[in-house]
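Pasting the structures in now, so scroll down.
Heads up, the next two complexes both have subunit A, just with different partners, subunit B and then subunit C.
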Partner chain A sequence: MTEPVLKVDNLSIEFGPEGGALRVINDVSFSVGAGECLGIVGESGSGKSMTSLAIMRLIPSPPGRIATGRVELEGRNLLDLPMSQMPAIRGNDIAMIFQEPMSSLNPVMTIGDQISEAIMLHEPMNAQQRYKRTLEMLTLVGIPDPEKRFKSYPHEFSGGMRQRVMIAMALSCNPKVLIADEPTTALDVTIQAQVLELMRDLRTKFQTSIVLISHDLGVIADIADRVLVMYCGRVVEIANVDEIFADPAHPYTEGLLRSIPSETNEGQRLYQIPGTVPAVADRGTGCTFYDRCPKRMDICKNELPPHFKVSETHSAACFAIPEASR
Partner chain B sequence: MTEKLLEVRNLSKIFAPRFRINPLKKDSSVRAVDNVSFDIDRGETLALVGESGCGKSTTGRLVLRLLDASEGQVTFDGQNVNALSSSELRKLRSQMQIVFQDPFGSLSPRRTVEQIIAEPMAAFGITRRAEQRERITTLLQQVGLSPDDMRKYPRQFSGGQRQRIGIARAIALGPSFVVADEPVSALDVSVQAQIVNLMQDIQKQHRMAYLFISHDLAIVRHIADRVAVMYLGRIIEIGPKATVFSAPQHPYTQALLSAAPAIDPKKRARRIVLTGDVPSPSAIPSGCSFRTRCPLAQPICAQEQPPLKTVAAGQLTACHFAEPHPIKIQSSPTPLTTA
Partner chain C sequence: MFRLVALRMLDAIPTMLLALTLVFITLRMLPGDPAIAALGEYATPQQLELFREQMGLNLPLWQQYFVFLWDVVTLDFGESLISSFSVGQLIALHLPFTIELTIAAMLMGTIMALPLGVIAATQRGKSADSSTRIFALLGFAVPDFYLGALMLIVFALNLGWFPISGGGSDFWDRMHHLALPAFTLGILKAAFLSRLTRSSLLEVLQKDYIRTARAKGGRERRVIYRHGLRNALLPIATGLGLSTLATLSGSVAIELIFNRPGLGNLLVGAIEQRDYPVMQAGIVVFAFFVVLVNLALDIIYIFIDPRIRSE
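And now, the complex of A and B:
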């Protein structure tokens, strides 16, 4: 395998005062290769977005704090860099798109100017070159009539078009890594299909690595190569996309998959994961899924399961995985 | 035995500005719902699907007369809802209720759960505190909450629990019809399953009919008996769930079904990606409103609006090119070429 472009190692994030801090992210590790798409799934509060913000060093501090870990971009630890160097990396090496395109765009600036601004900050170009590049980007993401649209304001665009503008802006400086935080959640299905298609295209064209965060397993199955499942701030399972959907190893992943209505469970009662996600302060020393787990054993209560390898590319943090297949 | 509960005929809603701001500009009224007709039987679930702005929620509100219709008629249990006086309508409200999408916005933050659920009871003459308490206890147990939760405020609950409170309020008076307007869209996957199961349990116990408004086709497939697909204010296809999902006749339904991301890799290959956006509802294209995005569009589509016609038992489609077909021969959707 080639060297990963982005590597996150033992990342932990705490909130609150020193000593009494709550860990919202615990020992998260993963890597993304060139042109690879890693999907991060989890329910609200599982720490998906927090992880992506940490990569960009956008955790509000105080009260937040990266307690341990490394975030390596092509071998360089971003967490060691002085904060003053981060703006040169954000938008240039790592770009991000958010869920709500309307609130991430400036309402009083034309979309052309907003894309040009991103280019101006990172690329040595004159105004004319920038204009040309912006038009190229608009064409690339499939916005018709780019000369005219250059002068439009965000409110003149539909949700899908705004998300295209966000993607154009994110890709305008050829980032190595694109972090997409719920990029299609606010969009309709037919528009979602367009945006996913676009992301797939761009990935093959530019070999951009994508970290796609979503709670929608369908979207993840559609576009990701590998999938990371998060629960209560921890990675509970990581595998290739086909493995995870065909043969989930962690009971939480299994429960999630079974609770989605599909053709196979049509007409039956949907599976419910019992209980609710425990609050951050109520998480004990054992497995965070203990209270809700159908396969729990005595050992799970007080001991945190390490990641066991199910196959070369598949691992899960669960004691219930039979010894033979570890 | 099926028994018709709700009959909707030629329902339309036009939102018009009260006066024209710019007299030179053309008419800016919006036809949000256009000539919509459907029936719902007692105990049945009709799902209304479509993308944002297609008029699903407006239709739900028109049916309950939370909005007054511009044209058309709603008959509920033999009564013409549009003709009722406000006091008569109020009486009928115990029979028809609504569950909203946003479990945060639809519950008053300053009232306890008890006050929230007791309000509809008080409005219908159940004013004795003890009786209210007793009923609320039963209701809370029914929706999977504990009677002790009565004294808490909505902020003390998670999204899924709040949706349970919203459901308890809606069924407090034993309605025979509930409009569920995207009841699970704001919830996490595992919580969605809980609420869907709960809604189905309650439906069985009380023989309630649902108008289930959703954009999530997987959920609709699970809960609905019949499905109506809306596009720009019109129903473009309606029929039994099984046939609409296995043999959709309208190109929009086909595209919508194929666009939903599937976990099964075999189903991903056949995706129809529609070009362009939904046109603005204030400038609906002439003829068939879907023609601007339709891969099958012909000149006739711009001139004539296709009527809903029967294509299979109980399935009606509004497309010039939909043909009646025996369901057994064509069991999978016709693969369309991508534009």
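And now, the complex of A and C:
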């Protein structure tokens, strides 16, 4: 891998008052290279979205706070920058697509105005150039009749169309990194496939690095190069996409994979990871997956497993990984 | 869009008709004989009969109803029982003072309320928020006649900056007379409107599209005004409309304190002296304004909310 475009190091996020704060994200580290797509998976509450908001420094504060860590964009630590410099980076170097296309667009502004606003904020263009660029973006994301659609309002669009507008907006300034937080979750399957296809195209065309957050392993398998598995605000496994699916090292990842409906388990009751995600306040000193883990050992209860390398590109935080393969 | 505006205007007609019908029924249901009330208890039966004949009180009720409607349409409200002016002239004399007071008070109130509400919402929980909250509580708690009297004592009597009473003659004189009562009312309106602005802006600032606006690189000022306030305006507009109506009909105390020759002042006088034609016309005028303000609101919605436009 070449020099990473985005590098997150030991990121921890706390919520609540100083002293009594709860740590919702713990020591998350990963990096994404140019043109690479990193998938982040995990169930609701595992800290996927919080991590992505932290990269943009969009965590509502108070009560949230980035406690430790670095977020480096091409070697520059964004967390060191004064807040007043962040708007110049958001939407320009790092853009974001959100989960809820239905509510993520301003209802009283036209689609065209919302896209050209993003361009206006970052590109030195006059109104006419912006208009042209906006039409190009609309065409790029496959919205027919862009001149007419420019003047449409969000309520006149379907969910899939709105997500396309969000993507057009996010890509309008050629960001180096695109963070897509569950971009297809609210969409039906055919639209989902189209949106993923679109993201794949853009990636090859513009060498955009993508951080794709999803709880849908199918989507991840479809588009990601590497996968990061999060559980309870920690990274439990990270590997190339084929390694994860062929040879998961963490019992949690195994559980996730077993709960995908497929042809081989047709007719059987679908596997379900027992128990639920523990509340932040109930997490002890040991492995956060301890209560639900089929492979748990005594050591897991009180000691946090470090990351063990399974291969050059694959590591997982689990004591059950045999010594020989570490 | 013009079709929608025209439709809303057509909608206003039956509303107005309903309002007029209610006014008619209410006035006819009032206890007491208007003839006796007008001429006094010592009038002879002949005088009473003559009066009823002149006023059309002997006609069947449905005929009276249509005569009433026709009079309203032709703006013929008859003669005042007390004054030598016709009711139409009286209204024409007093109405402008009420309208100018309402407009000026609402303008001042809005100009004060919007920034206060935005500051309170964006500085939520900080001292600026608490200060605007105290201001609003005072505004809710202090009655208008009290604040009016206070302003009068301080700024008109003691400092002598403003006239003590009356409505003024030429334009600048009128503005001079208008300033203090409008400011008094404006402060009271701002109390309500600033709270409304704060709460509706706070609600809007939680929305996903605000996060989007930040994520695309919008600076706070842009996010709050262009994306936040623009959306928060919908409930604020409703509040403004209601508040305008309350000011039109509810500034009687201010008109009395500042002795402005407004409609409220005229009506209070008419009620005291049982000047029925004036009372009736005053109520009709207020009803007309209620319908008019609601119509204006409907039209404003069409302009600020594209979702209504495409209905």
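FYI, the second predicted complex is superposed on the first by the 326 of 326 C-alpha atoms of A that agree within 3 Å, B and C clash if a C-alpha of one lies under 4 Å from a C-alpha of the other, contacts with A are read in each partner's own complex, and residues count from 1 in each chain.
Here is the rule we go by: a contact is a pair of C-beta atoms (placed from the backbone, for glycine too) under 8 Å apart; a residue touches a chain by one contact, two chains touch by 3 or more.
The structure displayed is predicted, hence computed values, not measured ones.
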item: Superposition on subunit A - do subunit B and subunit C clash or fit; value: fit
item: Contacts of A:P261 with subunit B and subunit C, given as first, second, both or neither; value: first
item: Partner chain in contact with A:E43 - subunit B first, subunit C second, else both or neither; value: first
item: Partner chain(s) touched by A:E123 [first = subunit B, second = subunit C, both, neither]; value: neither
item: Comparing the two partners subunit B and subunit C, which touches a greater set of residues in subunit A; value: B
item: Touching partner for A:V219 - first (subunit B), second (subunit C), both, neither; value: first
item: Partner chain(s) touched by A:D188 [first = subunit B, second = subunit C, both, neither]; value: first
item: Which of subunit B and subunit C A:D9 touches, first, second, both or neither; value: neither
item: Contacts of A:E72 with subunit B and subunit C, given as first, second, both or neither; value: neither
item: Partner chain(s) touched by A:L270 [first = subunit B, second = subunit C, both, neither]; value: first
item: CA minimum distance (subunit B, subunit C), superposed complexes, angstrom; value: 10
item: Subunit C-contacting residues of subunit A that also contact subunit B; value: none
item: Footprint of subunit A on subunit B - complex, ascending; value: 51-52, 158-160, 188-194, 196-197, 200, 215, 217-219, 221-223, 255-256, 258-265, 268, 271, 273-275, 277-278
item: Footprint of subunit A on subunit C - complex, ascending; value: 207-209, 211-219, 227, 230-231, 304-307, 310
item: Subunit C-touching residues of subunit A, taken from the complex the two chains share; value: 56, 58, 87-92, 95-96, 98, 100, 103-110, 117-118, 121-122, 153, 155-156, 166, 169-170
item: Footprint of subunit B on subunit A - complex, ascending; value: 43-44, 158-161, 188-194, 196-197, 215-219, 221-222, 242, 245, 255-257, 259-263, 265-266, 269-273, 276
